[in-house]
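Presented below are the structures under discussion, each in the form of structure tokens.
Shared between the two complexes below is chain A, which pairs with chain B and chain C, respectively.
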Partner chain A sequence: MKTETTVEKMLRWRLEQAGTEAPPAPRASRLLALARPWWELWPERARQLCDRLGRIEMAYGHAMERGGGSRTGYPVPALLLRGDAEIEASARLLYFTARDGELRLRFVLELPPEAAQPPEATWEVTFVEEGATPRFLAVAALSVEREYRIEASLPPALAAGWAGLKVTDRMPFRFILGPAPAKE
Partner chain B sequence: MHFPSIASTPPPPWPVILGGLHRAARPPETMSEPGTAGTGSAADAAPLSQTRQRICAALDAGDAATARQLLAGAVAEFPAIRFVESWLSFWDASAWPDAWLIAAVRRDPPDEPALDALAERHWRNLFARCQLLTLDRDKAADLAQDAWCRILRARHGLRVDGNFPAYLATIATNLWRDRYRAERRAGGMADARLLSLDAAQRTDDGEGSFLGDLLPDLDALAASEQARLKLDIDQALERLAPVLRDVLVARFLGGESCAEIGRRYGRTEQTVSGWVRQGVQEIRAFFQETGRFTPPNPSP
Partner chain C sequence: MAPENSARLVWFWTFWHWSQESFRDGVLLRSPLQGVGSHWDEWFRHEASAADRAAIAKVGATEAGQRQFIAWFFRHWAPDAAGAGSRPIARYVACQLAALEPFNQWKPFARYRGTYGVTGIAAVVLAEKSAGESADVRPVEAVVLPAERAISSARVVAEGFEPDGAELNGVERACASLLAGRTFGSFLALWIAGGRRPGAAWWRAGVAATWLTVGGVILFLLFGPDPGGSLVPLCAGLLAAWGLLTLRAVGVVGREAWRAWKMGRVLLAQLARSQVRLHMNGGLHLQGGSAGLPFCLNTLVALFRALPAGHHRSWLWQRSLGDLQQSAGSWAATGVLTSEGWVQPVVLDPKLRASLRHAGIVHFLAPRQREARQREVNRLAGELAGRPAERSPFVAGMRVGFAATSRTMHVHQAGHLAQAMMQIGGLMDRRQLALNLFALVVSAVMVAALPDLRRILLPPPAPIVVSPSSASPYYLWVSLDTDQPRSFRVRFESEFWASRLADVRRYEDGDLVPRAEMHIQRLPAHLSRDEDDGTIWIERRRSFLTREFLPGERVGRYPLSYVSRLRHD
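Presenting the complex of A and B:
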């Protein structure tokens, strides 16, 4: 018996076959363990980085004073992880809203001259709250020139607290940027 | 001896039907009426219909723990609802609609039974899609799992009213695409194969190319032939440039239009249409080369 078989039909048949051969679905506990953020997987490393990030604030105190009166807002102390190097920098916020649990943020990285290089296409940004606690992870994508953009849903616990923030406010977080030291 | 007619026999009371499971078991239709509840439980405070509404509201909000508490309270007072069809779906998370499961997974911490049910429900299709992209069982399982991890990390933004399986497939496809791009950057794939895609191929007979003169009815094949065909399809897909494989899977299995695929790649609809034709042509050429499934001459 023969029928007219299109590539679409053949691919659908193969898809169906693959489905029947699927291994068991992973358990929720495993998925949740795999999805844990890097600071939970490596708490000691997280503590070290957050400590260092906390110290940057002192070095950038003057810049923060200057930034307070500007249109764009305070610089946010940032620690860049580039390869094995940890680079102290700051991120100047250009735009910030956290309405309805949706974070929209644009920033420009201000790097020390010795660390300047073509901008990375993306950063994984860890938001570290006052008290050196990593709270939230989002991907920042390069948009124009050296400007990065983040659009992400906030955890409910942060959404309420950040909802009233304006770009000109001093932000209650700092950044760790880089490929997080996670297995991915 | 007098036997009453069946028609005139009143139905047995609910406690009898239920085997006397509960002293106060009442017909479900009376349970929702105000004033029929007993005293001393959460369910007593409100009519059963209100409890039901509260359970639904909790599940809508993703508060599975509260929903279970309310349910347990209602059942303690009205065991009969265990047997009422409209209450059955509350018991088992695998019977919940995606919207309830997603809402429960969005919470902090996510509800594990809900996540189990959601993963189980969509795993098979997700794995199959990953299998066609990676053409490797282990890689497909890893990719599917990584897609789930990506979703869980951003779970607060999940939409309860969205098309969740499509979203899962998109995340998996994006991850796979990122990986092959990274491999290409690392020199693992031939750039020439990808560069040639910029030229739309217009020499074949289009998306729906018939293999009818090559392939027999797939469902009518013997098991060994089906196994052979699976390998051949995988080989044919493997020979395609990753972009073509992605485009064919997106077009034929994901149901995306050429325009939608084009937006993702920053190319025109016409270019993507050319990619689809090229992919179809290459698969067809593969089967012509192998000749394995050329049907035999018709029986006399």
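Presenting the complex of A and C:
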């Protein structure tokens, strides 16, 4: 048996071996489906969640203090999907800027006492417009203390409208927070 | 610091101004101070320029550079950014930054990681399934920041832990009540009743001795031998001493109450315009409100600490809160605190064990309950001393030899926040309480005796005998023109009639002129044949409550014939 061979031949042989063992490449339609956001994949579930999110009442009373000391902002209604549970909560925005189509946002979750537990490291945040329409997804990462940080590119349709928003303004969106997808 | 060194640190000012501008523009919700950690994180990640990053890296490259930054931060940045009284604020900012890049790699920041660097009363919060370990004694730190209502309207907020429900709201209200509410009244009442008074020990001993002397003189006047000619100086001295003591007592109490009230208002105003951040490490979610008492005490100490030095003019607050600043590290406390200031019982046994196992705790403040008796705690300490392996060293890593006998932990019980303040200030003084009770009794006696003392010291003018006289030959009426009948007595001396002595008083026969009435009888073997023989003497009467002294000065002399011939009606 001939024992001498080149490295190049060895590599070519290994590549052939790998090719025969590997699963077939996904079809283009499958890749397109994977790239679609969850609300397009499961529209019924999305409608259900958006309806529930829309029903969360946030009544704002303007009890102004003297000296302009009131700077509380508006809590953003949020629906947390934790396992099978759906928890109604709110998010308090601490930082908001939407310059040049880039969204940078920080928030803290205000949970009902029965839902309090150590904070998750990440959330997949779905921004749902007031008309109960999911608009885009971003990943929120745990930052200082119990704050979450979001850095994401805004869809062009939203960038212009959100550029002028201040953190103290009433926000035109609500949150659905679900478990973030595991990293590849 | 040389100007070139300050220039090396200009990046921190750049961050600070970015933070201020962003807050003003509505990009940041929280003020630069309140959200400093989060703001730094954002600035360092996205806003810092390449030049800023290079400057930060250069400063952080050596430990000397890092130390220079810390020194500059405390000496220059903090006073400029936070103004007077900036040190606690600087510590807070250092604590916030110490956990973030790049400061989390800087060695000099290690002392600020997870701590504000201020001492506080420890809370005993048991870990799950713990039977009471030294780690359950958790230091609590409180720092006062300028008010901001961005996240909530609460004036007392938690950091590093999750309070149970509205626990901190109750703490806030209890603090307000102590500073200028009903609890303040209770605190003041307790102090007035039996609280230690200001002044040196020798002075207080002198005051106590004077009160005892006053009591002794009263007893002497009531039961001692007749003082004779010394009665007037004795009474004058008694009245002067009692008056001075009373004035002093009222003055001291009034002055301290006024100052405490004023300072309480100042502290309340401080609370209203501040946010007190209570910090406890461990990220615990508290179940139950037994840490309410230590949270409240730490909040009060932080408020006191935040006041400029010139405001500390109340001895009472200085004694209770000011001194606690120094000794807080040796205190642990537990108790559910209501917003009215009541301290309610808790599960105590494991908390006592935890505190006994923590060598730094010398004083333990507990609610009023059976297990908190000193005898019970000593017994528990004895049990634990029998198992030395269970005792934890005070400093982690230090090797300790347990050669000593079981240590002493003083347990102080309080059913109310006002009592807790008395306990921690060392204001409870049984001797003062006893002295106050004694002074109260003495004062009551003196008030009752004031008319008698007045008669002795300021005798009324001598009266004259006026009509009416008695219509009966066997009765002698001596009517006196005086409005102080109790100050006089009438003595009748005769060789025909038997001698008589009678008090002057007002009779209820419609005549307002006071008189002395005597039933006179002939002497069986009278020396005189003259029915008009007799002399009536008007004497001053001297008495002290129930004690009647020997007669005083004679201020009138009238023959019987004159008196008996006065008009009868």
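Methods note: the second predicted complex is superposed on the first by the 135 of 184 C-alpha atoms of A that agree within 3 Å, B and C clash if a C-alpha of one lies under 4 Å from a C-alpha of the other, contacts with A are read in each partner's own complex, and residues count from 1 in each chain.
Methods note: a residue touches a chain if its C-beta (ideal position, glycine included) is under 8 Å from a C-beta of that chain, and two chains touch if they have at least 3 such contacts.
Predicted, not measured: the structure shown is a model, and the values here were computed from it.
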**Q.** Which of chain B and chain C A:106 touches, first, second, both or neither
**A.** second
(Q) Tell me the contact category for A:12 with respect to chain B and chain C: first, second, both or neither. (A) first
Q) Which partner does A:152 contact after superposing on A: first (chain B), second (chain C), both, neither? A) first
Q. Which partner, chain B or chain C, touches the larger number of chain A residues?
A. B
Q.
Touch test for A:37: chain B only (first), chain C only (second), both, or neither?
A. first
Q: Could you look at A:167 and tell me whether it touches chain B, chain C, both or neither (first, second, both, neither)?
A: second
Q | Set intersection of chain A contacts, chain C complex versus chain B complex | A | none
Q. Which of the residues in chain B come into contact with chain A in the complex?
A. 108-110, 112-113, 115-116, 119-120, 123-125, 127-129, 131-132, 137, 140-141, 145-146, 148-149, 152-154, 156-157, 207-212, 214-220, 226, 230, 233-234, 248-249, 252-253, 279-280, 283-284, 295
Q. Can you name the residues of chain A that touch chain C in the complex?
A. 65, 69-73, 92-97, 104, 106, 108, 113, 116-118, 143-145, 147, 149, 151, 166-169
Q) What residues on chain C touch chain A, complex-wise? A) 22, 25-30, 35, 37-39, 41-42, 46, 99-100, 147-153, 159, 162, 165, 283, 285
Q | chain B-facing residues of chain A, complex | A | 1-29, 31-32, 34-35, 37, 101-102, 137, 152-157, 184
